[in-house]
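Quick one: the structure is below, questions incoming.
Labels for the chains are A, B, C and D, by order of writing; each one numbers its residues from 1.
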Amino acid sequence: MYLFRNDYSFAAHPQVLEAVARSSAEGNPGYGFDPHCEHAAALIRELAQAPKADVSFFIGGTSVNFTAIAAFLRPWEGVFCPHSGHVNGHESGAVEATGHKLLPLPAGPDGKLRPEQIEAAYPTYQDVHLVLPRLVYISQATETGGVYTKAELEALSAVCQKLHLFLFVDGARLGCALTSEGCDVTVADLARLTDAFTIGGTKNGALMGEALVIPDPALAEGLFRIKKQRGAVLAKGWLLGAQFEALLTDGLYFDLARHSNAMAQRLQSGLAEKGFSFAFPSPTNQIFPILPDQLLPELEKICAFEVWGPGPEVGQTVIRLVASFGTTEDDVEGLLQHFPTK
Amino acid sequence: MYLFRNDYSFAAHPQVLEAVARSSAEGNPGYGFDPHCEHAAALIRELAQAPKADVSFFIGGTSVNFTAIAAFLRPWEGVFCPHSGHVNGHESGAVEATGHKLLPLPAGPDGKLRPEQIEAAYPTYQDVHLVLPRLVYISQATETGGVYTKAELEALSAVCQKLHLFLFVDGARLGCALTSEGCDVTVADLARLTDAFTIGGTKNGALMGEALVIPDPALAEGLFRIKKQRGAVLAKGWLLGAQFEALLTDGLYFDLARHSNAMAQRLQSGLAEKGFSFAFPSPTNQIFPILPDQLLPELEKICAFEVWGPGPEVGQTVIRLVASFGTTEDDVEGLLQHFPTK
Amino acid sequence: MYLFRNDYSFAAHPQVLEAVARSSAEGNPGYGFDPHCEHAAALIRELAQAPKADVSFFIGGTSVNFTAIAAFLRPWEGVFCPHSGHVNGHESGAVEATGHKLLPLPAGPDGKLRPEQIEAAYPTYQDVHLVLPRLVYISQATETGGVYTKAELEALSAVCQKLHLFLFVDGARLGCALTSEGCDVTVADLARLTDAFTIGGTKNGALMGEALVIPDPALAEGLFRIKKQRGAVLAKGWLLGAQFEALLTDGLYFDLARHSNAMAQRLQSGLAEKGFSFAFPSPTNQIFPILPDQLLPELEKICAFEVWGPGPEVGQTVIRLVASFGTTEDDVEGLLQHFPTK
Amino acid sequence: MYLFRNDYSFAAHPQVLEAVARSSAEGNPGYGFDPHCEHAAALIRELAQAPKADVSFFIGGTSVNFTAIAAFLRPWEGVFCPHSGHVNGHESGAVEATGHKLLPLPAGPDGKLRPEQIEAAYPTYQDVHLVLPRLVYISQATETGGVYTKAELEALSAVCQKLHLFLFVDGARLGCALTSEGCDVTVADLARLTDAFTIGGTKNGALMGEALVIPDPALAEGLFRIKKQRGAVLAKGWLLGAQFEALLTDGLYFDLARHSNAMAQRLQSGLAEKGFSFAFPSPTNQIFPILPDQLLPELEKICAFEVWGPGPEVGQTVIRLVASFGTTEDDVEGLLQHFPTK
C-alpha cells in the first residue's frame, strides 16, 4: 500500500525517537519544568527573534487551539475563522465546548481569510446582543494547502490591530508552509505579526507535540493553570521538549518539511503531466487531484488516501494525497505509475 | 541525587520504548483506529473478563477523568469524591470547567470513601435547588497510598447501584494497588463492580497513557466525539496502543508495579527500623514518613521528594517518597544510609 | 412618536396586570410550585391536547432556548438551525456558552428550514471528528415573519424522527403565527409534531414569560435543576403562572395576536397601495418594507422602527415595522399618512 | 395559615405595583435602555456615593451571582466563599456551570467569612496545578441572618486588595442587613469597600429584581453581552428600573426592610420570653428557633416555615421563620400564641 492518507501515519524521525529514548532514564522533573523544554523554548525564541516570548508545549492541535483561545478570550467574545478552518470543521465543536462562538467567514479555495472580509463583518457585532469578535484564527498552511504571503499576513495583522482582535495562527503544518516554494514568511515574521502561533511537530517528524508561541508573555498569564485544567499538561512533559530540541537542531524541522513538500509536489507534477487537474492550488505537502470516479476503486486497493468531496463535474471526485517526512521517492514514482495518462 | 519525587520521572520501560520505535515506520491509521489499539483493548477485555467492554486510550489522567465524567453526566448532575481526591485537589478545576459541581466528602487518612458517607450525604440532594449526585469518584490506590479491598469495593458498588450513581475508579496507580500486599482486588473485579475505571500507564512504565475501561459499552456512546472535543484524541493514537500491548505482555505491567511497591516498602521498613513513623499507612509505592524539620535541609541536597504538609507535632514535616519502575535497590539502600537512627 | 420598533414596548394587557396585582397578597409558594402555575399548565395541556406534557414557565426567550437545548443534549451534540435563527443571530452566543455548536443552514427569505436541507447536511456529521447533530431549532413565526404550514411541520417532524433529531420550536411569536391568515397549525399540532416548543408571552401581552411545553415528560428529566442552575427560576414563580392564566382565559392570547397581525397587515396593505414593496412576505405582526433611503431621516423623527439592512437596490433600505397588542388603528392610519405615494 | 416560610411569598408593595402599571403604556425602549433604568441607576449611584458606578438590573439572585462572577473571572480562576454561601448550597451548581471552581471555607454559625481564613487558605493555591483564587463571595446578610460590621468589611476588603482578589457581596437581603440593629454599614461603604455588590429587590418589596453595582465601571466591560448570553436581559427591562425607582423613592426600600426586621425580631423576643433558644444569633428578618420535635406537627398545621436541620440535642429541630414587607403585627402575635411557654 502507498500511504498518502495523511501526514501522521509514521511515528517519528529516528533522531526524534533517539532523543526520546536518551531522555528516558535521566530523571527529569515533570509537567514541562525541565531542561529539555527550557532548551527547546530557547531555540524557538531564537528562531522567532522574540527573546521574551512565552513558549509552551502541547500534545495535539485541537488541544492547543481551544486551550489558547479559551485562555485569551472573555466569555462574551467570539472568533472569526475561515469556514474551512480546522477549528470549525474538524474539532468536534472544541471551541464551542469552551463557551465561545465561532464566526466563520467564507474563504476562497485556498482557505485563506482576507482582511476585507474581517473589516466588512466586524461592524455588525457592535450590536451588544451579539458576541464581540476578539480573535482571528487562521492556519499556515491552510486546510487546502494554501500559504499566506508576508504581505497578506501584514495586512491581516494590521486590520487585527485596528479592530482590537488577536491574530492566532494554527501552525499544525507550519514547516511545510514556510518551506514551500515562494513563501517569504519566517518564524520571526509570525512572532512579529501575530499574538500567538503554533509550530506543529505531530505532522512533521515528532511522535506528538505542538509548540505554542506567545510573543508578548503578558498574554500567557494563567496559561499553565488552564493547560492543566483542559488536560493538556503532559506529566512527562520533557518528552515534548526533547522532541523539539531534536527537530530544531541543524534545521531538521525544516528539512523534513521541505522533503514532504518535495514529495507532494513531485506527485502533483507527475499527475499534471498525465493530464489531471487540481481542486486547489497547493504548494505544500497536501495535493487535491480531481479524478474520474471510475479510477477510485482501483486506487483504493493500492493507496491510502482521503476523499475530499465531489469534483467540479459529475462523475469526478476530489481526493487528498498527503506526503510526509516518511514518504520516499519510490512511493511517489510507484504510485504515479498506477495513474493512466488522461 | 536520589529521585523519589514522583513516579513519572523516568520515561518508559525499555520494552515499551522498543514497541514505540518498532511501530514508527508501520504506517498506521490515525486516531486510535489501528491494530495496536485494537489488540491492546482485546488484552484488557480479557484481563477484565469483560468481553463487551469499551476500551479507549487517553494521554493523561486529568484528561481521562474529566472527559469521562463529562461524557457520563447531564448538566445538572454532580460528583461525590473524597476531599483529597485528585479531581478535587490537583486538576486545576478540570471537572468544574466542564460545568459539573464536585461534592467532596471527608475521607480518612487512607483517602478512602466509605459507603455510609455516600448514603448519609445523598438525601440532602433530593432538594431540586441543588445538583443531583450521579457519580462517585474514587482512586485505587488513593492519593495517600491507600487500597480498597474487594469487600470495600463491593459495598461501594452496592450503594451506588441503590442510589443510581455511577462508580468511577481513577486507576492512575492501579498497578501498584492491585499488586500491593494483601490486595484481593483484580481487574475483573473492577469491571464487575464499577461503571468505568482507568488503567494508568503514565506512572507505571509508559511514556504516557491511561486506558479507560467501560464495561457496559452503552455508556460509551458519543465517547470518541467528546474525546476529540476535549483534545484527548492523539493523532498517532497507535502509540498508546503499542505501549499498552507491551505493558500487558507477559505481565510486565504488574511486574513493574510490584517492583515499585517493593522498593517503596523496603524504604518504609528501613525508615521504620530507624524509628521513623508515617502519616498514612501505605502498602503501595508512595510512603509518607514524618520527619523532624531539621532533617529537611540536608535531605533536599541529596534527594528529590515532595513536602506533603506539617506533621502531627510542631517541628515535624510529612514528606512523600515515591518509588517507580526505575527505582533500584541501590537507590533505596543509598538513601536509607542518609537517615539517622532516631 | 409612532411605536413600531418591536412588540415589547408596552408592558402588559390590563387583564394580565390585574392578574398579577390580584396574586400579590395571596402568599404563594415560591419557584413555580403554586396553584397559578399548575392551573396555567393545565390550560396549556388542554390546548395542546397533551395531557402528560411537562409545562414550565421561563422569564425570557434566550433563557428558555438555551436552557432547554442544554437540558436535551449531550456534550458532543449540535444544533441545526436556520442561519437567520434567533439563537444564531441575536442571543450573544448563548447556546455556544452552554458548550454546544450551532450548525446553521441557509434559509430562504421567509426564514424557514426545509427538510431536504437537513437530510442533505446530516451525512457529513457521521464523521466522528465532528459534533453529532441532535436537535433542529426553528421558529414559528420566523425572524422575518414567515409561518410554517402544517404540511411543512409534518415533513420536518418526519425527517427529525428518521434522523433521531429533536425538533424544537421557538414560539416567541407563536400567537401571531397561529392566528395569521392561512395558518392551519394549532397548538395541538405542535405538541404532536415536536419534542418541545415555547408559547411566548413577552411579545403578546405579558410583562414577561415564555411557557416551555415538552409533550413527553420523560424528556423533561432534570429540567428544574438546570433551570435553577442557569438562573431561569423566578423566586415568585406564580407571577408567570398568573399571567398565562389571564392570557389563556377566553382566548385573550389569540385575540391579542390577531390584533397585532391585523394592525401590521393593515399597515402592509396601506404601504403596498402606496406602491412600496417588501423584502419578505409576512402574514404576521412584523413587516419589512423597502424604502428609498431619503425617506428615512423624516421617518425617524416620527416613528420608532428598526433598520433591517440594505435593500435590493442601491439607495434602498429594508426596515422592520412591528405591531403589538398595544398598537391602535389610529397608530396605523396616522403613520401611513406620513408615507408618500410612490 | 401564618406565612413565615420565606420573604418572597408576596408579590410586591403597592407602590411598586403601581409603578409597574403606570409604565405599562408608555412605550419604553427594550433591554434596560430606558429612562426608568437610567433614573433608578442614578438614584443608586447617589446612595452609593459612586458617581461612576455601573448599575444594571437582573431578574434574580442566582442569575446575577453567576453572571457577574463569570464576567469578572478568567477560566482558571476560582472563588472563595463560605461553605454555607448561597452560591455553594442553593444554586444548583450555577457557578460551576460557568466553569469556575468554588473554594468553600468553613464559616461560623453566623455565616461570616473572616479575613484570616482567606489569608490562611490563599498560599496553597500558589501551586499552579490548582485554580487561582480571584474572588471572594460573601452575603450581607448571610444565609443565617448574620450581618458584617463596617470594621469586618474593611478587614475583608484589605485582605482582598492585598491578595488581588475581587470582593463580591450578595445583597439579596441587603436592606434587612443595613437596617438591622447595630449595623454601621451603608450602601456607600459597600461601594467603597467592594468590587461589586447587589441590592436585592425580590425579597424586599419588588416583583423581582436585583441591582448589580460595580463601583469601577472598567470592571463592567462586556457585561451587557454576557448578561444577554446568560439569559439575564429582560426584554421589558424598564420593569426592573421602574420597580427600583419606586423602592428608592422616599426611602421605601429601607422602610420595608426595617419593617421585616422588626416583625422577625418581635417574634424572636416573644419566643425567647417563652424560653426558646436559637441556633444562630440573627438581628435580621430570618430567625432560627430550636424547637422540641413534638411541637412540629402542630405548628405545620397553622404556619408555613422551613426545617433548617437537627437541633443541638436529640429530639430538637431548628426551623427558620422569615418575616417580609407583607408580615403584620397580627401575624406575629397570632403565631406567638400558638407556642407554649417552655
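The definition used in the following text is that a residue touches a chain if its C-beta (ideal position, glycine included) is under 8 Å from a C-beta of that chain, and two chains touch if they have at least 3 such contacts.
Being a predicted model, the structure only gives us computed values, none of them experimental.
**Q** State the pair with the higher C-beta contact count; candidates are A-D and C-D.
**A** C-D
**Q** Work out the mean Cα position per chain and let me know which chain is farthest from chain D.
**A** A
**Q** Indicate the whole-number Å distance between the mean C-alpha point of chain A and the mean C-alpha point of chain D.
**A** Measuring from centre to centre gives 50 Å for this pair.
**Q** Between chain A and chain C, tell me the centre distance in angstrom, where each centre is the average of that chain's C-alpha atoms.
**A** Each chain reduced to its C-alpha mean, chain A and chain C end up 42 Å apart.
**Q** State, to the nearest whole Å, the distance from the C-alpha centre of chain C to the C-alpha centre of chain D.
**A** 34
**Q** Show the residues in chain B shared as contacts by 2 or more other chains, in ascending order.
**A** 75-76, 91-93, 97-99, 128-131, 225-226, 228-229
**Q** Residues of chain A touching chain C in their complex?
**A** Of all residues in chain A, those touching chain C are 75-76, 78, 89-93, 96-102, 128-131.
**Q** Show me the residue ranges of chain A that touch chain D in the complex, using the header's touch definition.
**A** 31, 70-71, 74-77, 98-99, 128-132, 221-222, 224-226, 228-229
**Q** In their complex, what parts of chain B are in touch with chain A?
**A** Spelled out, the residues of chain B in touch with chain A are 1, 3, 5-6, 8-12, 17, 20-21, 23-30, 59-64, 66-67, 91-94, 97, 202-203, 207-208, 225-226, 228-236, 239, 304, 326.
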